[in-house]
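By letter and in written order, the chains are A, B, C and D; residue numbering begins at 1 in each of them.
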Amino acid sequence: MTNTTKPILSIRNLTVALPVKIERANAVQNLTFDVRPKEILCVVGESGSGKSITSLATMGLLASSLRVTGGEIEFDGRDVLTLDQAEHNALRGDRMAMIFQEPMTALNPAYTVGDQIAEVFRVHRDYDGDERRKRTLKLLEEVRLPDPERLYNSYPHQLSGGQRQRIMIAMALALDPKLLIADEPTTALDVTTQKQILHLLKQLNANHDAGIMFITHDFSVVAEIADRVVVMRHGQIVEQGTAQEVLSNPQHPYTRALIDAVPRRAQDRDHVVSEHPVVIDVQNLNKTFHTAGSMFKKSRTVSAVKNISFQVRRGETLGIVGESGSGKTTLVRCLMRLIDPDSGAINISGVDFASQTSAALRQHRKDIQIVFQDPYGSLNPRRTIGSQLIQGAINFGVSREEAWDRVYKLLEIVQMPKYSVHRYPSQFSGGQRQRLCIARALVVNPKVLIADEAVSALDVSIQREVLKLINDIRDRLGLTVIFITHDLRVAAQICDEVLVMKHGEVVERGGVGRIFTAPEHDYTKALIAAQPGQDWEIPMMAEFAPQAAARKVGTL
Amino acid sequence: MLAFLLKRLSMAVLVALTVSSLTFSLNFLSGDPAIALGGESATEADLQTIRETYGYDKPIPVQYINWLTRAVQGDLGQSHYLNQPVSEEIFQRLPTTMALGLCALVFALALSIPLGVLAAIRPNSLLDRFALTIAVVGQAMPSFWFGLTMMLWFAINWRILPVSGSDSWKHFVMPSIALGYYITPGVMRLTRAGMLEVLRSDYIRTARAKGVSKFSLLFKHALRNAIIPVVSLAAVQFGFMLGGSIVIETIFAINGLGFLAWESIQRADLPMMQAIVLVLSFFYIALTFFADVLNAWLDPRIRIG
Amino acid sequence: MKSIKISLLVGLLATTALPAMAGKAQDTLNWATDKEVAVVDPYFSVTRELVIMGHMGWDGLVLFNNETGDFDPLLATGWEWKSNTVVEFDLRQGVVFHDGSTFDADDVVYTINFLADEANGVPAQSVVNWMKSATKIDQYKVRLELVQPFPNAFAYLANEISIMPEGYYDGSTIGADGTRDLSGVTPNGTGPYRVSDVRTGKYVNWDKNENYFADGPKGTPQIGHINFRTIGETNTQLAELMTGGLDWAWDVPKEQALRLEDSGQVQVVNEKTLRISYLTFDVTGSSGQDYFTDQKVRAAVAHAINREAIAKELVGPASVVIHSACHPEQFGCTEDVPQYDYDPEKAKALLAEAGYPDGFDFDLYGYREREFTEAVIGDLAAVGIRAKLNWLQYSSLLQALQNGKTPVAQMTWGSSSIPDVAAITSHFFSGSADDPAKDPRTAEALRRGDTSVDPEVRAEAYAEALNIISEELYWLPMFTYTKYYAFSNDLNFTPTADEIPRLYEASWK
Amino acid sequence: MSTLENNSLEPMADAPVLSPGKVMLSHAKSHRGLMLGGLVILTIMLVAIFAPLLAPHDPYAQVLSRKLVPPVWFDSSKATWDHILGTDHLGRDYLSRLIYGARISLLIGFSAMLISGVIGTVLGICAGYFGGRVDMVISFLITTRLSMPVVLVALAVISIVGSSLTVVIWVIGLLIWDRFAVVVRSATQQVRGLDFVASARALGSSTPRILFSEVMPNISNHVIVIATLEMAHAILLEAALSFLGLGVQPPTPSWGLMISDAKGLMFFDGWLIAVPGTALFLLVLAINLVGDGLRDVTAPEDRN
């Protein structure tokens, strides 16, 4: 307890009940923590830990199905739980403010961003129109948005994600609140944008008195900005303390497990040039998209993949890294001929994928398989797991008996029970679904496996497991893996070589070790520099948790 | 924008062409229009004269080309029965049907949008159930039955409203309700669903976090966005109403386009039928276009690319 | 946006005026039918409404007297047959058209020569093509020449031929598609009423012609205004009748008419018409269903149908069952022909005899008063003849009929209100496309009747033809149609059998 | 690390297999509107099936002298328990005709829905799945169809070709496929974009296979909901056509036709139109309730 000022927010024994007893009775239970002026408190937890519900309860924005059954939330000397709607309304946006995760949807598409910021003044203050406008423009400047005059009259959809998040911050800071709640404000942003936003928040924290409650799942972000940390799991606090204490000397096993799961920088390792035959050979691949115009829009042409060439040898893992819109997904979809490239050659173990007719291509499709990002969209909800798993084998003329054999063997490999085959996808969690997707891809004995952001949608702990699984399978089955990710740290853990993509072009290519230690292209440098928590020396957990010793990640 | 307008226009022309040739193909199915024209007491010689006068002795494709050539020049032909240019007749009747359609639309929107909004504010409440009941019951009630029942009570038993005709606003009350009631369920459901979705959206949460009042939340932030699909639906439904006014106009003796259509069908007045279908299909296209423009005005995402 | 809508609504409602009330108080007779009137012209608009209006706005040379059965002088004061094909008329003097111009021989000559010229495109050619030409003898005397001897010349002159002012159609042009554009023609006649306002398809308003000539057979018009409008739905007509919005309507279905009568709100009259209903058989087998080529089967059908019950229960008290192919009130019509009584047992026996002890399925066609046809189907089903009903428009049905595609069709014929067998039997049994049997015997007999002007010769010839038809059962004559008229209790009105209601004779009580 | 992912699979071994069908069924059972509507439809269907056993009279037998007998609850000397619901304008037993009429209404609703469903679904799937030119052509067809006023075109066609049960079914069926096509098209577009479809392609499934195994099961809920709505639509449309005299042909006992026959007397003998009108209203209401219920029940579960 380094700070002794009186807390601005003080949560005591807060309990929020869930409507139906699904897994547990309470969304959060017996929660107690403080937020003090001028400090950044990070609330960390995986999905379902109850961290968002806590913030919503504080703001008085809980869904009507959730009820606070116990405890108090003391803000500025008053228990906000006892306030009526109007009183709470008067506080919100004025004394307490909030920033949300999805900047893309958090602004009303029908009004200009300027009007939306100015609305805060209109609701809470008696300023006239000029005054409102003047103050809004000042705020836009404060959050470092270029050309405030023009931006004032822009609609949300005309702005980038980072710009929108700045608008949200400006809106939150409009009346200089005492408490600012930021609910995963950078999760939906690219890493370079995330860096800027975090930087901005730190700066603002220095200039304002507000206490900031920062909700995140990412310990690297915590390391970047937190003064104090609260770790939550299943609606309860498992550990809290100063950032220093929690980050370098975590006490609770759960905290330790979480920290251990944080992907860390690759150790410097040499890129061994393999002697294996080339499995994938891509030459001068191009793909351009045309969007049809409408009454109010001109048609547009976007080059998603520009003149890309690369080779991958058997048993290698190639990482393709880039921020959203860099064309990496288009690249792999062209590779698999899920979409037709405009030009270029794709040779996959001796078959030219680019020039085949789609009918002729079908028999070769088994050579290259894919696991997608979204575990919920990649399994057909209306078919049993079994029928989806054997479908591929059946398609390639494998007898039913043999197909079932393969399926059961693969289920074992992906560590899923046999009886999964009788069930439907809705009965599995995200991580389990990704395992099933991997099994489905492997059932046709592919030579190449593409993992398209295959772990991005998963909680860090599960992410780690799946990464490990992919690595194991590659070694065991002699697969070639192409690993698409936006996260350099993840790429570092699993890849031999990395392609860095930007705007449809490869800007840099090289072994993992070299890319991290001696990046050549400015963009690569920027990407690496933007990684949060760079200064944090992640403690090795091996001595705390014995089972973590089985960690093979990063070794070949 | 200009290119797009042209594209849209050519689409409309293409649709109209298809519709017109489909309508014209009714000729293949039809009995001899000359008989319809000559009446019950026409002799064979009369019929022959009629066939020659109207060109029915020529092959159907030739008739179609002839008709099309004239239609392009703005001449939709001469009504067999009414003995005057079809277009003149249609444009004389159109205002009545438009007025009826507009009144019906206004009635439907005035009933369904508030109900939809109220239902969405408190899903599963008594009001929501009431609105839903109205919707379900409305969809199940044949419009002619509803119309005649209203006539029985309001015009005959209570004598509050005139039975039929189109002379004063009073004459439009029952037909507008009978016609408009049928589209109320759809608009209400869409408003409700749209409001529910919008109320769940992130930007509504943002607005609440700003401390915006409930009223402003509902009508400034939510309805503005929820109304956008309703606009398209209303425009399309308005088009359907113009076409669907046949039954209502017949019942309430409103001499609009629908009644004209029904009369033309009965007397096999093909040029008139073709022209009405053509005009209505053009109208539909125009309305969808209008809805697009209106949507763009309401939704900056469409307006500003 | 909502406020805009509301003001729009208010605006819409405010701009329209309140309706004018109707009835005796306003001296306005309101009547309606389900037909639209496009052009107020008795020649270029072929509807019953225009026949009625033709008699309101115009006069013919003569007028049929329903009481005496004779032709009264109207615009003509006298006439003389110069030969079988030439007749001379003396014209009434001092008659003026609605526009003030004087009526004389030039108008008659113009009208008749205009009509007789096929190039002028009068749609119903059969109404006019018996006239060859007219010539002026002096200002009030004209000579009419016929194409050939024509017994019904006066019937047509009375019912259909209205005299237009000279040059009446000069303002109208014939369009590219051959139709006449009458938009430039203002209705103008000598009749007891004149058009005051027309809205196509909606209403036609008439005012009393104050200058109508006295002591004509049409009398002096009494009611100030006679307004027509179109109401498509029978129900709506009834509702308007009950609420006083209408003073006169006809073609009221029987059950509704009876109930209206019971309610005492209006007067209801059932009146005969010249229209008859009949079944016509495919006696040649051209439809592909050859059951009806056998006279026994046709006789079985005749015995199976309870025509008496249909006439009394469904049509109306004035309806009578008929046995020959004409209306009993037409000249030359005789009921002294072979008759087939209602006898289901005999029908079954005949069917068995014909080789159909278990009956058969066939297609029955119809177009008018579906419940009559439904009743026929019900009676036939009772003896094992199962009919599948095909309901067509008149034009489609007529075409199917002429092409011999209909095994049996229930048809009706109104004889254009001509009280003469020539208007029905001769039309259907002289070997034309409408002739179901094309029996040379009937054709010969009818030709004899049609070309003679001697009533006895004609009656004999027609009786011969009618006997053959009933014997062979080419048609099964069913019953006469009647019409229910419903009109205001305040109104003096007498319906007539020729289906030309004399609205101009009506007056308030 | 398995503590984190928490091997919750173990207890699942004995958990029931939750097929989407079963889940929906359990939802359906607790949906009151759906159950109520279903019950009404079931009753009407049973009545239709067992019509010959239930009907007290031959629905076609006419006795002209006993026409328009009022139902028993009317205080009239003519009313008799022999004709509980009275007789129609040709003296046929109203109850028997009502019972047999259920067959016709269901037949029309079902057949027309089937025809339009097949057309609309096939067009919608093709447009949604193949996109591009195919989509353009089919979208054009949909626009064309939508721009043609249904009632008007139906009336025109029927008035010309002549009406019969078959004609009415086909005309209605051929006219109301638009909603199927529109909904299926957008549903297919959504499904096509999902990763499991891409997976199936990558796994070498043929296009028909993908359409049948991957796309169809995932749009079937939309199709079923639209099917109920269109069935109701078809029944109402037939009633409107019959009202204008161009529906099913007599003496077929159809509810639409009964209403049409009775409409002339509605100001005098209201029961004549009220009886078949109520039956029609109940049937359409029940179908709509079921449609609404199905929409609720099959709505995609929230992710989580």
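What we mean here is this: contacts are C-beta pairs under 8 Å (C-beta built on N, C-alpha and C of every residue); 3 or more make two chains touch, one makes a residue touch a chain.
What you are looking at is a predicted structure, and each value in this text was computed from that prediction instead of being measured.
The chain pair B-C and the chain pair A-B differ in C-beta contact count, and the higher one is B-C. Each chain gets one centre point, the mean of its Cα atoms, and the points for chain A and chain C are 84 Å apart. Chain B and chain C, compared by their mean Cα positions, are separated by 37 Å.
Centre-to-centre separation of chain A and chain B, using mean CA positions: 49 Å. Chain A and chain D have CA centres that are 46 Å apart. Taken residue by residue, chain B touches two or more other chains at 30-31, 148, 152, 156, 250, 262, 266, 268, whereas all remaining positions touch fewer. Annotation for chain C: residues 235, 239, 242, 392-393, 396 touch two or more other chains. Across the assembly, chain D contributes residues 159-160, 263, 266-267 that each touch 2 or more other chains.
Interchain contacts (touch definition given at top) occur between A-B, A-D, B-C, B-D, C-D.
Across the complex, chain B meets chain C through its residues 30-46, 49-50, 52-55, 70, 75, 77-85, 88-89, 92-93, 99, 102-103, 106, 109-110, 113, 148, 151-152, 155-156, 159, 162-165, 167-172, 249-253, 255, 259-260, 262-263, 266, 268. Note for the complex: chain D touches chain B at residues 33, 140, 143-144, 146-153, 155-157, 159-161, 232, 236, 239-240, 243-244, 259, 263, 266-267, 270, 273, 277, 280-281, 284-285, 288-289, 292.
By the touch criterion given at the top, residues 60-62, 64-65, 67-68, 89-90, 92, 159-160, 162-164, 245-246, 249-251, 261, 263-269 of chain D touch chain C in their complex.
Residues 1-5, 8-9, 12-13, 15, 17-20, 23, 194-196, 198-206, 209, 213-214, 217-218, 220, 301, 303 of chain D are the ones touching chain A in the complex. Across the complex, chain C meets chain B through its residues 2, 5-6, 8-9, 12-14, 16-20, 32, 35-36, 38-39, 41, 44-47, 118, 121, 123-127, 129, 175-183, 199-202, 229-233, 235-236, 239-240, 242-243, 245, 392-400, 413-414, 416, 432-433.
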